[in-house]
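Both complexes shown next keep chain A, but they swap its partner, so chain B is in the first and chain C is in the second.
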Partner chain A sequence: MLAIQVLINALVLGCLYACIAIGFSLVWGVLNVINLIHGSFIVLGAYLAWGAYNSLGLSPWYSLLIAAPAFFVFGYVLQRILLNRVITAPVLVTLTLTFGLDLILNNAMIYYFKADYRKLILNPPTGSISIFDVVVPIDRLIATGAALFLTFLLYLLLRRSKVGRAIVAVRLDRDAAVLMGVDVKSIYAVAFGLGAALAGCAGVLMALIFPISPLTSSAYLGKAFVVCVLGGLGSVSGALAGGLLLALVEGIGSVYLGPAHAVTLSFVLLIVFLIVRPQGLLGRKGFE
Partner chain B sequence: MTRSHYILFAFLACVAALPLFGEAYALRLGTMACMYAVFALSWNIVGGFAGYPSFSTAAFFGLGAYSTGILMNKGVPLLVSVGVSLVFCLLLAAAFGAVLLRLRGHYFAIASLSLVEVFRELVNNATDLTGGGMGLNIPLVSGSSVMSDATFFFYAMWGLLLITAITVTIVATSKLGFGLNCIRQNETAASMVGLNATLYKAIAFGLSACFVGAAGGLYAAWVHYIDPSDVFDILYSVKPIVMALMGGLGSPLGVVFGAFLYLGLEEVVWRNYIQIHSGVLGVLIILLLLFLPHGLVSLRIEKIRQALFGRKASHV
Partner chain C sequence: MFRLRSAFPTRISASLALAVAGFAAATTVASAQDVIRFGAPLPITGPLAPEAVKQQQGYDLWAEQANKAGGINVGGKKYKVEIVYSDYQSNTPRSVQTTEQMITQEKVNFMFGPFGSGAAKAASTIAEKYKMPMLAATASSVQVYDQNYKYLFGTFTPNDTLTTPLTKLVKAKATDVKKVAILARNDLFPLAIAQEMEKSAKENGLEVVYFEKYAINTLDHSATLSQIKSLAPQWIFVTGYTNDLLLVRKQMADQQIKAGVVTMIAGPAYQEFIDSAGPNAENISSASWWHPAEKYDGKDIFGSTANFVKLFRDKYKAEPDYAHASAAVCGALFQMAIEKAGSLDRDKVRDELAKMDVVTFWGPVKFGANGQINSLEPPVFQIQGGKPIVLFPDAIKQGDFKLGVN
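Moving on, here comes the complex of A and B:
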């Protein structure tokens, strides 16, 4: 029974991890920028859901509809006015720039929301399903479904829409895309906006399950890193595979070694993957 | 030795005179400034010379602090403990470097960043040895007056800075420095002509960690109490990069000036904007990257003159 419970937990958590990582992976893959603000975006999304529920009584599902366009615009503008200026600079510069932005956003959140942990508590509570001894909370199940849906939406967007194909084209070969008439700067901004929108939506979903505090942003960022490297960069199915693998390893690790070692275990996994298979489980040069 | 190296040592000699003028606060600032300069110089070996974006400063700072703290609790004298920490960090980092420096660009940055997390978790969970999240108390060194204690730690940190500066100068002017430069410019070509890139990178990573570890040891003895979230703070990894960017990547004189300037700014910000100090730091980083991407050493008198009194017609 324990094995099945661990497996179910890993499935549920893995989809959420994929949702955390997918926007990060998109930005990294397309722009070649490690977006250190990603964790803070997620926390901001969680605060949005929390605030909307507690002050306006808006259910988190409607918050998703607000978060997606709001974060898209935020990300788009950020890329247009700041990141596009240094996009061709060495790794160190873009990395440090996003770190600086993260310091500002995180500090602003600590200033306004304080560092206390808060929790979005749905009223009435959703309860949980239990079959034999396996227990699955319903809110977690719904969040997982929504995370899968968002991931699928991104996949469709990249596969079917014109702008999605342009993003893939820029990722595959920037120079050829320019020759084909793609406006690379605006595609960068769209990709960054999409990354931010996905982070915001992931934050709304996280608010349903985990406590909210500005201090948790680095934990989300760490998860996104690991999932990206495990799954392969800039690949939707890779993010899913990476998320599931990470959740499974963490689950098994906490059963056998104790929860205190889960973080160490995931980082050891990260380093092993970086060295043995840096392209990740499903890493290829495209969004397949 | 170039002219900038002579200026660097002249500057360090001036810094050594600080206790003649200062009270305890000035000494504390001086000690911090020397510590930051050690960070920046050390980071420069791997980040500036070899061009690998390392985020592992905090990892070895914390490791040095903890190994010194544990040794001192067992009754080993301060300087011996710091020396052991230095050698320990040197060997460990060289071993890690040989593996991690096979990665490039973002991948290396992440791997070095995760080193901090792993070490912090390990220290956090080894409760018997390190006290875990409760932190570790470290015995007082002398027990004499506040002022003599402050002076002692200032000179200890200054001495470490001097050793670091000498080492970095030797590296910069030696075959090792030349090799690291080649690695930064084109690693594949460098190994094609017979340069043992792995060995060079491992030595560079070891050197960039050992002084940071020793600084961590001195810091631990100086503040008498450390805990994992304090010494494994990721900001310790980022600050040296900001200092180096501020002063100018690759130039030892530049990064030391960057470190002193950074400490000055940090102190002003801390004093006046305690609630939003990291936000202000973020704004500073962004302005720096956008408007002065090559650091202060890139500012030439000629350029400033041109900017102030009009530019000559450019070629376009």
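Moving on, here comes the complex of A and C:
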């Protein structure tokens, strides 16, 4: 029974990891920018859900509808005003810029919200479903469903919409895309906006499960990074596969080797992938 | 000619510079005579920032009270208190550098220790080198004091003084508790206290069915908790900091893990734990070095525990916890030692601290030969009705132990 419980825990957690990573992967894959603000975007999304619930009584599901456009605009503007200036510069420059922006955003959150931990407590609580001895918390299930839905939505957007095809085209060959009449600067901003929107939505979902503090942004960023490398850049399904693999390794590792080794194990896996399969599980050149 | 002309103004400017420097030095000396500077290295940014804020509030409250009373009386002359803060960014090696910088460049008179056992132990080496009395407000591990340093003192009793009364209480009140599961953050203090708990459980005839560490920054404990659930312990003991404990508690509720006794150290003493855990905080037991419900009549500047609590509430509009109180009592102890020594001489103040035997709002204070306090009886408490209720010691008991955490 323990094995089934651990497996189910890992499946649910894997989807949440994928949700954390998908926006990060999109930005890295399309813009070739390792976006170090991603973790802070997630935490900001969590604060949005917490604030809306506690002061306005807004359910996190409505917060998702606020977070998505608000973060899209925030990301779009940020890319247009700042990132666009260094987008063609070496990766170290964009890394430094996003690191600096992360410091500003994170410290602003520490200033306004303090470093204390907060928790979004739903009233009434969502409870859990138990089948025999296997228990699945409903909030995690809902968050998993929402994460899968967001992933599917992104997949559809990239496959079916004009802007999505343009994003893929820019990723595949920037110069050819320019020749085909694609406004690359706009597409970059749209992709970054989408990444921010996904991070904001992930934050709303994480608020249901994890305590909220500006200090947790690095943990989210770390997970996003590992999931991207495991799953492979440039693939929506890769983020999902990477998330599931990471959650499975952590879950099984913590039962058989002890929880202290679960994180180490995931980083060992990361190194193995970087050596043996640097493109990740499902990595492809285009982001689709 | 050219040389003469140029040498003259140079001489004038050199003399002027000397005069200005001399004046500046004189004013520095004059102001240094009016104040006593206390160095306080704190992790104001980084993961330990919430703890730094608590310590800072405690020091500030003491400094404010001391200055309100005219300052510290040194042989009939009053000196104002000035606290020099420095942020070591939750980075232990940096806390050592900061300590040295405060002693050598900032010229502080006395030092407070940085946060926690690890950083206090590291920084105490520097204090010892410069023969600088250092009071550590938040270092409990014996390993900090077994260096037998002469200039280091601490206001937290050893970790076993928390786990032993707790185990005895559980043993007396919850007779069906036979199996204990211990989950500890892999960090100096939480791990040390978990090890004490394991020792104490075994000594009291309980079976430790699970003892594991989890890594710092663990985001999910669900697999670990599933394993604990499968072992069906009646007592689950978890150590860590607020974020870890909130995470574990929420995930315990998610997996419908129930136990007769659930103990968590060191979150439940903090109001933010109770606020954030909500109904899940109910019946969680814990222990800490101090509690606002204590009733001591002290000889320190705060006087009674009730007065300290009142002053704290007035200033910060919040309930004080042991971290705030320990920082404040460190200031008050320095004040008493300096006044008794009648001098700012570091050795004389150090000697006064070493032979101190006094009751304060914090409790009775007497340091052992290693510098760690050995006179305090830390309270055991439980969250009941959203409030911490003291269960032990009997002198300040507020309620009875309740079984069952769902």
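Everything below uses one rule, namely that the second predicted complex is superposed on the first by the 286 of 288 C-alpha atoms of A that agree within 3 Å, B and C clash if a C-alpha of one lies under 4 Å from a C-alpha of the other, contacts with A are read in each partner's own complex, and residues count from 1 in each chain.
Keep in mind that, in the parts below, contacts are C-beta pairs under 8 Å (C-beta built on N, C-alpha and C of every residue); 3 or more make two chains touch, one makes a residue touch a chain.
Given the structure is predicted, the values throughout are model-derived calculations rather than measurements.
Participant: So if we stack both complexes on chain A, do chain B and chain C clash, or do they fit?
Facilitator: Aligned on chain A, chain C clashes with chain B.
Participant: Between chain B (first) and chain C (second), which does A:260 come into contact with in this model arrangement: first, second, both, or neither?
Facilitator: both
Participant: Quick one: classify A:79 as touching chain B (first), chain C (second), both or neither.
Facilitator: Neither partner.
Participant: Given the touch rule stated above, what does A:119 touch, chain B (first), chain C (second), both, or neither?
Facilitator: second
Participant: Identify the partner contact of A:35: answer first if only chain B is touched, second if only chain C is, both if each is, neither if none is.
Facilitator: Neither partner.
Participant: So, A:97: does it touch chain B (first), chain C (second), both, or neither?
Facilitator: first
Participant: Which partner does A:63 contact after superposing on A: first (chain B), second (chain C), both, neither?
Facilitator: neither
Participant: By the touch definition at the top of the document, which applies to A:270: first (chain B), second (chain C), both, or neither?
Facilitator: After superposing on A, A:270 lies in contact with chain B but is clear of chain C.
Participant: After lining up the shared chain so the two structures overlap, which partner does A:144 touch, if you call chain B first and chain C second: first, second, both or neither?
Facilitator: neither
Participant: Of the partners chain B and chain C, which touch A:217 in the superposed model: first, second, both, neither?
Facilitator: A:217 contacts neither chain B nor chain C.
Participant: Once the structures are lined up on chain A, find the stretch of chain B hitting chain C; candidates are 129-137, 237-245 or 273-281.
Facilitator: Only 129-137 shows clashing C-alpha atoms.
Participant: Starting from the residues of chain A touching chain B, keep only those that also touch chain C in the other complex, and list them.
Facilitator: The answer is residues 107, 218, 222, 260-261, 263-264 of chain A.
Participant: Using the touch definition up top, name the residues of chain A that touch chain B in the complex.
Facilitator: Chain A residues touching chain B: 28, 32, 34, 82, 85-86, 89-93, 95-97, 99-104, 106-108, 111, 218, 222, 225, 229, 260-261, 263-264, 267-268, 270-271, 274-275, 278.
Participant: Could you please specify the touching residues of chain A with respect to chain C in the complex?
Facilitator: Touching chain C: residues 1-2, 5-6, 9-10, 13, 107, 110, 114-119, 121, 125, 128, 130, 135, 137, 139-140, 209-211, 213, 215-216, 218-220, 222-223, 247, 250-252, 254-255, 258-264 of chain A.
Participant: Where on chain C is chain A touching in the complex?
Facilitator: For this pair, the touching residues of chain C are 45-47, 49-50, 53, 183, 186, 212-215, 217-224, 226-227, 230, 242-243, 246-247, 250, 253-256, 272-273, 275-279.
Participant: Can you tell me which positions in chain B touch chain A when the two form their complex?
Facilitator: Within the complex, chain B touches chain A at residues 47, 53, 99-100, 102-103, 105-107, 109-111, 113-114, 117-118, 121-122, 124-125, 234, 238, 241-242, 245, 275-279, 281-286, 289-290, 293.
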